[in-house]
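Input: structures, listed below.
Below are two complexes that have subunit A in common, paired first with subunit B and then with subunit C.
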Partner chain A sequence: MEISNILKEETVNLELAVSSQAECLHVMIEGMEKAGFVNDKAVYLAAVNEREQKGSTGIGFGVAIPHGKSSGVAAAGLAFARLAKPIDWNSLDGNPVQIVFLIGVPEKDAGNEHMKILIALSRKLIHEDFRKKLLAVNSAAELYAVLQSI
Partner chain B sequence: MKKILAVTACPTGIAHTYMAAEALQQAAKEKNVEIKIETRGAMGIENELTAGDIAEAHAIIVAAATDVEESRFVGKLVVKVAIGQAIKDPQRVIDEALAMKPAAPDYIDQAAQSKEPKKSQITGPYKHLMTGVSYMLPAVVAGGLLIAVSFIFGIEAFKQQGTLAAALMDIGGGAAFALMIPILAGFIAFSIAEKPGLAPGLIGGMLASKLGAGFLGGIIAGFLAGYIAKWMKENINLPKNFAGLVPILIIPFFGSAIVGLLMIYVIGSPVKAIMDGLSSWLTNLGTGNASMLGLLLGAMMAFDMGGPVNKAAYTFAVGLLGSGLYAPIAAVMAAGMTPPLGLWLATVIAPKKFSVEEREAGKAAGVLGISFITEGAIPFAAADPFRIIPSIMAGSAVAGALSMVLGATLKAPHGGIFVLMIPNAVGNLAMYVLAILAGTIVTALLISVVKKNKTSV
Partner chain C sequence: MIVEGILQNKTGFHIRPAQLFMEKANEFKANVTVRNEDGMEADGKSILGLMTMGFEFGSKIIIETNGDDEEKAGNALLELVNSKFGEE
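Let's look at the complex of A and B:
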């Protein structure tokens, strides 16, 4: 699957100024709706929050990967945000978060292609050089180029 | 060097499982430690730890919030950490695993190891062959028994269109036996290359069947398809976007084309040449030297059971039957009955040489043997060709030669025991039965001598 199919211009925020996790999710889900990935924001947000309650998706190193499988998602999609100012995400290592990947998967998603992308992304995020590249991108196009390598 | 294993799992199985695996992998690489990591996430269990891995591992890291079947690790050194710990500080987790020391010589470990089924030790081509045979076996049994049942209505009953006998023959001979060699080849290839191997294997096997190359041709097709598909799987690297095409388009298309063309041009032509050559050779040989002819026909019948050599012998004898010579066909039928009969007898007198599955198949082989369905021996021959084929050839040669020398004759081209019960169909019946029994016993004795004990494999 093309990364550009699941990550749109509308879902990329390069200098997002938000002050809380809730606000951050709100803005990112707005973008997912504009890009056509989400058709019911409230239902999707509930799924994301539910996952967050089971255990924080702040995986450390300043990265969080909130995600939700929900009927509020029309098509599998990804949103990226680099925050102007790091915020608390209740992370594993206690550090604030500056990079957020929000992932939406439809309830009835038969294929596992998206899952594969997600898994590849998760693995990549462990590597420092990959994170550094994410912190350095200046446009959606550059972000695509970085993600294309996964 | 100490080898470390790890299992990672998390409740949703989307991110943490794989991040922990990646983090441990990276830390191990930096420390130059050999590690294998099983992930249990959204993609199911991947890179599963084998009993062998566990046996040779120094310690096992369990970074999981869910069940990971820890009973596998009884007697091993296990480091349990929270999954977040493995992501956050993989270096320390690996250090911890390396620093663990065995408490005492581990008897539980040894006991657990010895319980591991022997099967796991069978590897390489032999394992692939066994996989193919094991999938083929039910088709052989089903087909053979259905054909045998059709003979109950009379040897020629199946030739009457629309009768039950014809239907049974169609199921057994037309469908089940037609699938036998494709299944053998398909699952040999499947065992080698997994799913991408199956289609080229089945197709190659079907060609072996159609070309008359018999089960030996099927084995060749299976290995060709398997190794070609495996090679393609490992060596064709397309850009990520097209990578999905390899298993569903590239390997099936090119794999089947290559295997198919090889079968038709490289295997098919020699097969035809062998058949033609043997046929004219047999014709020139004539029927002068009875014992020699019986010996040859017998050995040929058992050599490839349905392949070109077998067909040459059978066709030759049927041809002579048409010209009123009844002895060669008798020899051919006796020789075609002894391979499965001998194998059945071998499973009875030397059960240790066979797997449980083969011992059960032996009973079916007995029924197929008395019905002159030589194919009943194919699963055994395919599983251990270098020991079984010479044994059954010797037994069949004995049966064929004795049948000729003792002057047995046969007026039908098929039927096994059913034809023996028809008055006047067989000349010199007692001697004929003697020839079949002798061949059966020779086959069984040879097999029980040359075959290795299953438990020592």
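Let's look at the complex of A and C:
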């Protein structure tokens, strides 16, 4: 799983200024639509919200990984946001979130893409160096480089 | 104590199971180490560590507990795995 293959320039948000989880997801899903990953934003958002209600996807370390498997998704995709100011995500460790990775996979998730993306991401996120670099990237190109670095 | 289980929930070991496992492990004093069949290991009290393991439906999960309450911890964690984390 090469994360950079499923991340497009349209789905990269640096210094995103949002004040809530809902606003953050709205902007990220717009990007997923522009990149062609999502064809029905409302249906996909409902799946993401439903998942979030079962338990926060804020895994700690200032990182959240919201995700949804949905018929509103045309092709597996990933969006990244670094927030200008951390926001509350009801995280497991109680800390606000500044890094958000949004995963979208089609309803018929052939080959368990969702888990592959999640595993690949967590194997990178576990390194503190990687998390620090995510907080420092200044362009989509730099983000790609960081994603390929570990 | 070392116990072994098989992951039986269809969607695999994603964020929610990892969270439930970490919370259960943290109820005990014993150190918890989780291994997969490839010899990878992770701290059973770290959600991110657990998510890196790549457990899928049918994967063997090896749980090692060390400490005063290791037996209770091992049994409780195995029970959680066998319960499919409340999923299908």
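Throughout what follows, the second predicted complex is superposed on the first by the 138 of 150 C-alpha atoms of A that agree within 3 Å, B and C clash if a C-alpha of one lies under 4 Å from a C-alpha of the other, contacts with A are read in each partner's own complex, and residues count from 1 in each chain.
The rule we apply is simple: a contact is a pair of C-beta atoms (placed from the backbone, for glycine too) under 8 Å apart; a residue touches a chain by one contact, two chains touch by 3 or more.
Worth saying up front: this structure is predicted, and the values here are computed from it rather than measured.
Trainee: Which partner does A:90 reach: the first (subunit B), the second (subunit C), both, or neither?
Mentor: neither
Trainee: Examine A:71 and indicate which partner it touches, taking first as subunit B and second as subunit C; both and neither are also allowed.
Mentor: neither
Trainee: Output check: A:4 vs subunit B and subunit C. Expected answer is one of first, second, both, neither. What do you get?
Mentor: Neither subunit B nor subunit C is touched by A:4.
Trainee: Please indicate which partner A:59 is in contact with in the superposed arrangement: first for subunit B, second for subunit C, both, or neither.
Mentor: After superposition on chain A, A:59 lies in contact with both partners, subunit B and subunit C.
Trainee: What is the contact status of A:139 with respect to subunit B (first) and subunit C (second): first, second, both, or neither?
Mentor: neither
Trainee: Which partner does A:20 reach: the first (subunit B), the second (subunit C), both, or neither?
Mentor: Neither partner.
Trainee: With both structures fitted on chain A, tell me whether subunit B or subunit C touches more of subunit A's residues.
Mentor: Looking at subunit B versus subunit C, the one contacting more residues of subunit A is B.
Trainee: Do subunit B and subunit C land on any of the same subunit A residues, and which?
Mentor: In the superposed arrangement, which is not itself an observed complex, subunit A uses residues 54-55, 57, 59-60, 65, 67, 92, 112, 115, 118-119, 122-123, 125-126 for both subunit B and subunit C.
Trainee: Any idea which subunit A residues touch subunit C in the complex?
Mentor: 54-55, 57, 59-61, 65, 67, 92, 112, 114-115, 118-119, 122-123, 125-126
Trainee: Which residues of subunit A touch subunit B in their complex?
Mentor: Against subunit B, the touching part of subunit A is residues 1-2, 51, 54-55, 57, 59-60, 65, 67, 92-93, 103, 112, 115-116, 118-119, 122-127, 148.
Trainee: Could you pull out which subunit B residues touch subunit A in their complex?
Mentor: Residue list for subunit B touching subunit A: 10-12, 14-16, 18-19, 21-23, 26, 41-43, 65, 84, 87-88, 240-241.
Trainee: For subunit C, which residues are in contact with subunit A within the complex?
Mentor: Spelled out, the residues of subunit C in touch with subunit A are 11-16, 19, 22, 47-49, 51-54, 56.
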